[in-house]
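Two complexes follow with subunit A in common, the first pairing it with subunit B and the second with subunit C.
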Partner chain A sequence: MSQINLTVNPPAGDSAQSLDLASPGRSLWGDAMRRLRRDRGAMICFAIICFYVLLALTAMTYEMVSENSGGSIPTFQETCDFANYYKPPTTEKVKWWLGTDWSGKSVLFKTILGAKVSLTVGLMANLIAVPLGMLLGAIAGYFGRRIDDVITWLYSTLSSIPGIILLIAMKFAFKNVHFLGLDLSGIHGIYIALGVISWVGTCRLVRAETMKIRELDYVVAARAVGRSDMAILARHVLPNVLHIGIINFSLGFVGAVHAEVILSYLGLGVDVGVPSWGTMINGARNDLMSGYWWELASSVTAMFFLVLALNIFGDRLRDAFDPKLKNV
Partner chain B sequence: MIQQSDNPILAVKGLKTYFPIRRGLLGRRQWVRAVDGVDLAVGRGRTLGLVGESGSGKTTVGRTILRLLPAYAGSIVFDGRDVLAIPPGEMRALRKRMQIIFQDPVSSLDPRMTVGDIVAEPLCVHMGMSRRQRRERVSQLLDRVGLAAGYATRYPHEFSGGQRQRIGIARALASGPDFIVCDEPVSALDVSVQAQILNLLSDLQDELGISYLFIAHNLAVVEHFADEVAVMYLGKIVELAGRDDLYAKAVHPYTRSLLSAVPRPDPARRSNWVRLSGETPSPVNPPAGCPFHPRCPLTRQLAGGLGPNQTTQIICDGRPAMIAVKCCTSQPVLGPLDGNPAHLHACHFAGANYSRSDNARPA
Partner chain C sequence: MKLTYAIIAVIMLALSASPFFFLKKADFGIDENNPGQVIAVSSYDAKVRSMDPATCGDTMSASIQANTFEGLYGYHFLLRPVKVIPILADGMPEISKDTLTYTIKIKKGLKYRRSPCFGTDKDGQPQTREVVAGDFVLAFKRVADPHIVTPLALAFIESKIVGLKEYRDKAKSYNKGDFSRYDLPFEGVKALDSHTLQFSLSVPFPQLIYVLAMHNYAPFPKEIISYYLENRDESDGSRSPVPMKDRSTFIKDCRAMVGTGAYYIDKLSYDGGDIVMKRNPDFREEYYPSEGSAGDKEAGLLDDAGKRVPFVDVNIMLFVPEDNPAWNMFMAKRTDVSGIPQQMFKTVILPGSKLTDSMAKDGIKLMQYESPAIYWLGFNLRDKVLGNSKSLRQALSLAFDVETYLKVLFNDRGVRAMNVVPSAFEEYPDLPKSPYSRFDLQAARAKLLAARMELEQAGVIKPGDPFPTLTVDLGGRDEPQKRVGEFIKFEFKQIGLEAKIELNDWPILQEKVENYKTQIYTMGWHADYPDPENFLQLFFGPNVESQTNQTYYINPEFDKLFEKASKMLPCPERTLIYSKMVGMLNEDCPVLLLSQPVSFVLCHPWVSNSKPHPVGYGFFKYRRIDEQMKKRMTGDN
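This part shows the complex of A and B:
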């Protein structure tokens, strides 16, 4: 066959040799991280979240140490100081910075311990919900037909029941249930209950994205090459929907923090006596009438900044990962 | 019906690809007849061009041949083996020998994979190669398609359209195929890059003896590139001939109107454009008889010279038109032209004198 005699400029635009050969390529992940790092708002929110994580880690360490110290370091429950109950915020002592509650316990320490509960609930619930939602969404979107029908039916049913009612129902169902050595009537039950009801959003988004990806030529190419469905899911589909999981992890965190506070407020969350923002709000509800505002104010403010930071960070994360910003 | 070459690498007979649709809640099942009885053959080391307007089913033919879409009926014989009868396990081995190059250089490469991983994918599936062997082979392949081996660590979005298309070609070559479906490989590229890619494909054919099914809607590209050309309309092949034969002496009115629509850098020849009336009919309810009859300029012209019982009136594009009865009652079969057995056509009046025959391109 003869060469084609169209007038051709010598390889100009096509072979842009200006690409620096030595440096590695810029992956989409790298690009997203660069965008995120340049975003000052996102970085401030990230710093706030890190601060909360640090507080939670401190609280965790304290609890572990005090429980194993055999009494030399008092646990939080043992720090009652009835002589100094309902002390308003004062700079006299560090533990009185945010005042004391009815039993003279430090509100500051209580708030920090509450951060630990909120963050672990957010983390654990999303560690269950996001992978579950991604997996089910990818399977439903990729295989379609019957499998899709079943999964769609499942999440439609689940999302038609108000979340809080479902949570309460599960909380009761988990009473005195032990599973894999975990006592589901306590905080572990909340992790699982929240995880099981909050995968729907992720699943829906991942399913829709997978249905789009399934038809793209690179998936067709992988099939033409002889890749199995499972390999295509693992190598082509999941990496291309992972950003949805990451964004939903950050946004789902907020929902989990809320849910824990509401449940604890209703007395259905953490065990009685365990300090959490929900139990603080619940306990301080009557105190407020008597003018003891600091316990409520501390827990609500702490929650406000965490939720705000998580929300803004989630939005910025979405901006950074949104492939529509980049022409790919 | 199989043309020229005696021992084709690919022979397709009576291929039908239908997609089921259901209209409404209780609607009965209907079929989109995307490919409705296609016969074609690709000779070893040769190129068959497949042209037609959008929606004519040419892409579906290519994907059905590779078993990326399920065939409804027909047979596909690749190198002596019936592709449709092969069990899934053995299909994998056959995929090594049949590959595809896509139209869209953006969506054909996974944006999260490096170029090296993309090109190495067929190697991972088919050749039990070590990581180092794979890397070496990838460099060879990239080099062969005109890209620097150092690009292997980069990502698709860092490349231009032409470069991406080269990456797609490298992937298709990786498993050492004998046959490649080129699904409009240059339609998305600008003209100077088109020529480079076509030259690359043609060099690879000379060097490796690969056969191509070259799907395109640009007749000028096909004229340069293909040995034989098949023209599709509404899921059927309406004309199939050697390249020179087809471009010089097209007999089917659809082919003629396509050829007359090719832009020529000559203002004087503009007026020869045969405008077709109406739209492409729906492949759900293809017209009875010849699928082209509602739009055919030839049958309209000939109807004037036929007796009243040989013509009938149809409504096309809201306007009445007289056409030959034969065209809307009996379906023409793809058959050889009188005196030229290599030139196949599916038209009742292919030999008829056609006053606008000056549309056929001058030599």
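This part shows the complex of A and C:
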């Protein structure tokens, strides 16, 4: 009995090995996903990120509901309670778990609502930056010559200006500018400013990768049978550089969260009264000297775990997608 | 080989330690051989921008200069409400019946500080000379000089003194470096004899006495011009004339600050650095005042009554631009007096304006005074929403909880303003208090209903429409300003009004306000002189043109009263007119009254005779330092 069993069910590792060899049709994607799923660290980080996304969604729902409730549910700005300002953390009430700020608003709620700003900034900035970077990188790498020159010139120029200074300059330029019905002096301006300056990294990597892919046999073959450039780009090049985009997305997210915090700290970020981690940290400049540490501690801790999780996850994502590490 | 390494190591060590060999003890130019000297040490935080009384326009420069440059009049050190007393003048002015001519006698025997500009004796010691009326005439000509930027000093007397415009026009044609323009006649300020001055006014100007109490019009000896502005030191020690085109029109060197005050400035520079003021040995005989306000006697402020001033020999002011280091220096007993940084306030002052026990135990004294300033939210009455609805402005005033605002955002460093006039003014008790200067949401909501009617009538909003969002401009981008913004938003929201907060840099806000490009804005006014007129002129219709009327408040009746009062010398009748005008402002609410700031000053127990003055400067001469106690307490011997 046992003998038969052994032959029918070979050890798991062997089976995976043989499966790998036996099914050459499995995609890079499926493979990467599988490896990622097996990585416990990556999964924990992913769970943390999901938790933050959940917080952000809750915050968004709350804001939408309270704004449209006609006053029955107070918006966060209306929860000022000046009798209980600067209350240290206490377990008396849920909203006081992390203390209250200068106006008696709950620091716990403020931190949760701050997640929304940070995550939307990260998401929106990358939704602009990554596709832009990939598109420009692929075009530059594929067509070369003049187009390449122009795009290379563009991103060299952009990257020669210190990022944060460019960001500040753009925020100033966006003052009182309205674009497609969006008021760019507020948070929409941050999305666009961040998006416009942070595509450079993605573009560079994609351009280099495309230059390599352009010379590969299957691309040459496709060109030989007369497929159009656009079709080759879309079918043969872009899918093979997509992983760079994904990795950059997760890394860029961290940068965007940072940038929002710095901009808010400089007073160029979100509108007055909108809770965000940057404004909370900025506020601590006044409060810390008087011993009100809880607002700073909450926002920094919240930011620390999000950034840490994003960083590790981005790192593991890169490992998973890197063909060179495939069999490690 | 080993030796090479050892040598390298030694050289590296020596190089890294080399900066320490050049460290020097701070040199204040104090005579070390004179241990009996009394030295006062304080800190200051803003660079001095002017060394010339004519160009002085900021409080920092004024607080330094006023100790060496003195005007005809000044403020009594102790009396509150503040009172003008003669300083260089011999008695109060003799005013003609039409109040247009002021004749002023100057004290005899007043001397300038010794300076080489008055020549030297045979031992090479600098000389001095007596102050004469002509020096005052020169001072006024310099203020009127078109080649000197005299922002503050000129504004007060422009269009008030006879012949000023003519003098300015004529002097304009002179070369910048050609000082012979000071020989041109100036009709409005004349020296009748060596010790009598006469001012001729083109319009009645009862506030002239307060203008003369500023140090900006201090006597200016013509020797300064010939010695320091027309000539200069050469590297070999000789003196040579400055080419006309290179001449400066104002003092840029502290040696040229030749005044009559109790101190002379020994060290001072534009780029920060420590300031040293030393006792002027030629200072006239002056005595500590023997009358004070209520409470001064108990506070020990009259202990030195009748004693000759100054008490302190050297005043050292250390340049410490940041709040926290300045505070730490005070706590380390290195400076004698200090303000309280905003963020430290809670750890220093207990509720009820008392010092914490640990500080009180150290004997630290707390002084507080209400600054003659009022902060408000200005309404731009040119705006169609705010301009068309008095009730809306009243509603906003009623909905604003100033007490909480002061408690939460300013640690109670202020009191609610009851009308546009500071409480330190003599007339204040007779002026009506605004009925809208209180927190009453119910009344505010009722007013808001009336406001809706008014706005619908004016066609600004359609029936049923919500109120338009109000834009509030703030003058700063930092966190405290943002909190003010958030607070305003919250207060307006309480009666259902939406507010949008705009953060501006201060100069941008000023520009916006002056061009009426705002709707609601934060603003305040600090008194130039203790006369309600100084605040009421902000609402005088014709001042729209000079941009001092920033609310665009135009009320012909108010203007008529203002014109009438501005020609009157202080009297009960004038106070009555003032109270009528204040009543109008209270009713019309061109501003949402916020607060009158309260300032706090701390000093160590070895400092006495320190009483902050709300308007005047130049009171260093009264300060006394108990050197023995200081040494004992600081453990410094």
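Here is the rule we go by: the second predicted complex is superposed on the first by the 300 of 328 C-alpha atoms of A that agree within 3 Å, B and C clash if a C-alpha of one lies under 4 Å from a C-alpha of the other, contacts with A are read in each partner's own complex, and residues count from 1 in each chain.
In the analysis below, a residue touches a chain if its C-beta (ideal position, glycine included) is under 8 Å from a C-beta of that chain, and two chains touch if they have at least 3 such contacts.
Please read all numbers here as calculations on a predicted model, not as lab measurements.
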*Of the partners subunit B and subunit C, which touch A:G181 in the superposed model: first, second, both, neither?*
neither
*Using the touch definition from the top, say if A:M289 reaches subunit B (first), subunit C (second), both or neither.*
second
_After superposing on the shared chain, does subunit C or subunit B touch more subunit A residues?_
B
*Name the contact category of A:V220: first (subunit B only), second (subunit C only), both, or neither.*
first
_With both complexes superposed on chain A, which partner does A:G273 reach: first (subunit B), second (subunit C), both or neither?_
second
*Classify the contacts of A:S103 with the two partner chains as first (subunit B alone), second (subunit C alone), both, or neither.*
second
*Touching A:G70, do we find subunit B (first), subunit C (second), both, or neither?*
neither
*Which parts of subunit A are touched by subunit B and by subunit C alike?*
none
*Which of the residues in subunit B end up touching subunit A in this complex?*
47, 63, 66, 68, 91-92, 95-96, 98-100, 102-104, 106-115, 118, 121-122, 125-126, 146-148, 150-151, 153-158, 160, 162-163, 168, 171, 175, 190-196, 198-199, 202, 205-206, 224-225, 227
*Interface residues, subunit A side, partner subunit B - complex*: 1, 3-4, 6-9, 11-17, 19, 21-22, 24-29, 216-218, 220-227, 235-236, 239-240, 323, 326-328
*Residues of subunit C touching subunit A in their complex?*
324, 341-347, 401, 404, 407-409, 477-480, 482-483, 485-487, 489-490, 493, 501, 503
*Hey, which residues of subunit A end up touching subunit C in the complex?*
77-78, 80, 82, 85, 102-103, 267-268, 271-273, 279, 282-283, 285-291
